[in-house]
Amino acid sequence: MINLAARDIGHHLGRFIFTGIGLGLLIGVTLTMAGVYRGMVADGRAVIAASGADIWVVQKDTLGPWAEPSSIRDDLYRSMAGLSGVAEAANVAYLTMQVQINGKDVRVMLAGIEPGALGEPAQVIAGRPLLRSHYEAVADEKAGLLVGDVVRIRRHEYTVVGLARRATSSSGDPMIYIPLKDAQEVQFLKDNDSLIAERARTTANPAINRPGVPGLLDAVVATQTSSRNVNAVLLRLAPGYPAEEVKAEIGRWKHLTAWTRADMEEILVAKLIATSAKQIGMFLVILAIVSAAIVAFIIYTMTINKQREIAVLKLIGVRDRSIATMILQQALALGLIGYIVGQVSATLWAPFFPRHVLLESGDAVRGLVVTLVVCALASVLAIRAALRIDPADAIGG
Amino acid sequence: MQNPTANKEVAIRLSGLTKTYGQGANVVHALRGVDMTIHRGEVVGLVGPSGSGKSTLLKCLGAVIEPTGGHIELGGERIFDEQAGGWQIDDLRALRRDRIGFIFQAPYLIPFLDVTDNVALLPMLAGTPNEEARQRARELIEALDVGHRVGVRVSMLSGGEQQRVAIARSLVNHPPVILADEPTAPLDSTRALAVMRILNDMAQRYGAAIIVVTHDEKIIPTFKRIYHIRDGRTEEEAGEGREITS
Amino acid sequence: MKLHLDKQWKIAIGILLLAGIGLLILRNSPLAPMTKVTTEPVERVSLQASLFGIGIVESRNNILIGPTTAGRVARVLVDQGETVAAGQVVAEIDPIDLQARLAAARHGQARADSALAAAEALGREAESRLVTAEASARRYAELREQGYVSTEAERAKGHEFRAAGAAQAASLANVAAARAEGERSRAEAEALVRQLGNMRLLAPVAGLIVARDIEPGSTAVAGQAVVRMVETDSFWLRVRIDQGRSAGLATGQTASIVLRSRPGETFTGKVARIEQLSDAVTEERIAMVAFDSLPAGLTLNEMAEVTVNMPARPPALAVPPAALVRQDGRSGVFLAIDGKAQFVPIRAGLRAASGIEVLEGLRGGEAVIVTRARPLADGDRVRVTDAGGAQS
């Protein structure tokens, strides 16, 4: 049995390969987009898992601390530490902000943790973890800092004592861990001008600035400048203890909501990433349609260019099935070349992409199947055209 | 008139073949009752002006279009009978593949197949093992004097070489009927006569019945029998039957 | 060879396919090469911790100089940054009506004195009348005995005598009252004098004026500071140290101090006092750290970073701080055992920059992974290299 498709491709090999490469780049972009989505989900899950927390306690009815702003008193963790099943409780503060690093503005997620307590980075790949209670930092390597660098965050300068890897927020921003008290100040204490203005307003208020009560004004000003809130409390449970129980217990408290790890993952994936997921999904559909159109067009053109030959073949007795098979095989071959080129390029350029691109083998297989199916469908147009060719046209006149 | 080269069986018989295109005011009677008899081993000419129905006749013979009336017999088998409902065979394409060989005005070789594969294509697609098919192809190619071009790309062959390959293709399944449509039109007299010599050779060797549609003055004298066609009707005439000297 | 052309195509496509899929699998699988790590054996180390805290410059005693009653500030005689001697007048409150009231009191005093003199004079008169009345009564008694006068006459004279006695008693009482009135007036005047004295605010000890809070013309209430001062050379640092990290804090320990206003210099000091009241809200202990030698130009409320040096502790099992990791939330270390990383949970004690004390979980001598080229998971294959090769 002779393979007409192989012969035809071999005859126009250069053009075919060239088209395949073009298609491949398109497929590569598609695979990369899917990889971006997977990367976002993986990053989100990594952030949640890296904290080591089994339960996240946030302000009542919020999805915090990342999906929504959440603010709770920082002394609540003491009562939670006493709940049955809780092995460790720790305050954390999170804030996304711009920090100047090496002359550039870098978007980071500032994480305020108690050195040595839950919420600290799981491992450092350089330097050491946080030990002091002020003015030290551990940064993710993506921030561009090295051990020993000094970075200015709002009012103070922090010495980088350690580096972490894969410590990023769910949107891919590198994290910088600093002691909780410093983070509280960063988050809740305003800048000097605002403070001075606030102080002036308070001083001008006769209800507070009473001559008969010396010291009242100072006390009120002091409360305005103190920061006694955090964004969440992390709980680590005794091994095997059911998280749902603790979650239900805290849910009964008046001002708090508790989320388990599974809840947090769902919040992140379903809510935070949902919009991006939709966008990426639409993008994938569009790319699939465009790819199908390209394949259809190329195969159709190749078929029409063989109009005379197909008429001759039909005339001398070649079956429709053989002709259709040839066209289908050409479309599949184009798809296969495109897929391989796409997969290889995506693998090669993924590390350099600004977002985390995670190419899963499941996606690779799915991509192959979809590519082949799309190519098969795209060939239908050309096959229909081929079948309509009248063998009589081969005999002129 | 008796044809000295006519032997045994009738390969093709047409009786009252008609073909009408169109309807109402636009009706075209391409064929108005054609009768024709051709024996195995004969090379017969079909001559007529353009518009006379030559191509239509070939297309009917080649089972490419459906006649409107009359009947067609190939090798004694009635393949078309208008009164019996039309085509009497289900798979026309198989008919063309196995029992009819086509030679066109231009070689129409498949450009992405090499010489051998162009010739061996039909048997290979029909299921014949590649080796055997290619072997048969090579034999024919040798016989047609293009053996030195085996394995070469079609585009590298001269016009005459391509034509000979095309003839080989039409012969590879040893069809009992060969329809040739202006096979010598683009050729000069030497080449044209060479082609006719090959056809006559094939007819003799394999017993094929060959109809050659032509208006090429250079080769008409070589036919022993000629059918003239005009306005959809044929008339038989004895030809010169000149010998072709190489 | 022509005959194998079709097969060649199939093989070529097959190889391409396999290559592609192979590439995928290789890149995506966790068939990653071994992670480079460095290890150190777990040893007993004498850890020297240092406690770190943020300090704020305060003075040992803040003296608020102000009036005891509400008044209007008349003059402020000193300004910020001036040194004053003990007893120096720093400000004066406007006495307003005090002078007038003192004058009134003095007048009252004078009047009281006059009243006393009058009462005394009257007393003398009464006494003289009494003497006379007594003599008269006695004579009449004698005369009655001789029958020269009537009993009524005698009684009348007796009555006169008694009346004179009563009058004399009354006059004595008047004198006493007048005297008391005189005392009262004097006391009142004295009180006003003292109050007038309070209108002058004095520095109780020698020291430095740190704030001038009320300007002349403004009103000050009782207890409000017009001027704030501190004793000379009484600046020290109020340092807040995390409770959890304050083990071993004791008075007398040395400290190094970096002022925020002078980042390049380091000063030395000692822990002078540890406050009995810690801060429950911020969970910090408070220590007062005194400078060994007070830097010139120090101002109140300046910030400083203070590191208190702890004495070296007896040797204890410790690991380098970089070795501490968390897996699934639990603290521990990775040990390099048979080319694989194995996680061991530990309970940590003191956390110093030189090492983390291990209270539970390690025996000593194990090869603990100190640095790793990439984050490890339990069971990962590792390759131990010399120090210096594992930083990514």
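For reference, chains read A, B and C in written order, and residue numbers begin at 1 within each chain.
The rule is simple: contacts are C-beta pairs under 8 Å (C-beta built on N, C-alpha and C of every residue); 3 or more make two chains touch, one makes a residue touch a chain.
This one's a predicted model, so the numbers in the text were calculated from it and none came from an experiment.
Chemist: Using mean Cα positions, find the chain sitting nearest the overall protein centre.
Modeler: Of the chains present, the most centrally placed is A.
Chemist: Per the contact rule at the top, check every chain pair and give me the one with the most C-beta pairs in contact.
Modeler: Among the chain pairs, A-C has the highest number of C-beta contacts.
Chemist: Which chain has its C-alpha centroid farthest away from the centroid of chain B?
Modeler: It is C.
Chemist: Distance-wise, how many Å sit between the C-alpha centres of chain A and chain B, to the nearest whole number?
Modeler: It comes to 69 Å between the two C-alpha centres.
Chemist: Find the geometric centre of each of chain A and chain C from their Cα atoms only, then give the gap between the two centres in Å, rounded to an integer.
Modeler: Here chain A and chain C have centroids separated by 50 Å.
Chemist: List the centre-to-centre spacing of chain B and chain C in whole Å, with centres computed as mean CA coordinates.
Modeler: 119
Chemist: Where in chain A do residues touch two or more other chains at once?
Modeler: In chain A, residues 1-2, 10 touch at least two other chains, as defined above.
Chemist: Among the residues of chain C, pick out those that touch two or more other chains and give their numbers.
Modeler: 6
Chemist: What residues in chain B touch two or more of the other chains?
Modeler: 130
Chemist: Which stretch or stretches of chain A touch chain C in the complex?
Modeler: Touching chain C: residues 1-3, 6, 10, 51-54, 75, 88, 114-116, 118, 120, 122-129, 131-135, 141, 162, 164-166, 181, 211-212, 214, 228, 236, 333, 336-337, 339-340, 343-344, 347, 359-361, 364 of chain A.
Chemist: Which residues of chain B touch chain A in their complex?
Modeler: Residue positions touching the partner: 50, 54-55, 58-59, 62, 64-65, 93-98, 100-102, 104-105, 108, 110-113, 117, 120-122, 124-125, 127, 130, 169-170, 181.
Chemist: In the complex, go through chain C and note every residue touching chain A.
Modeler: Within the complex, chain C touches chain A at residues 6, 9, 13, 16-17, 19-21, 23-25, 27-29, 52-54, 219, 221, 223-225, 241-242, 244-245, 281-282, 305, 320-322, 324-331, 348, 351-353, 371-376, 391-392.
Chemist: Of all residues in chain A, which touch chain B in the complex?
Modeler: 1-2, 4, 7-8, 10-12, 308-309, 312-320, 322, 391-392, 394-397
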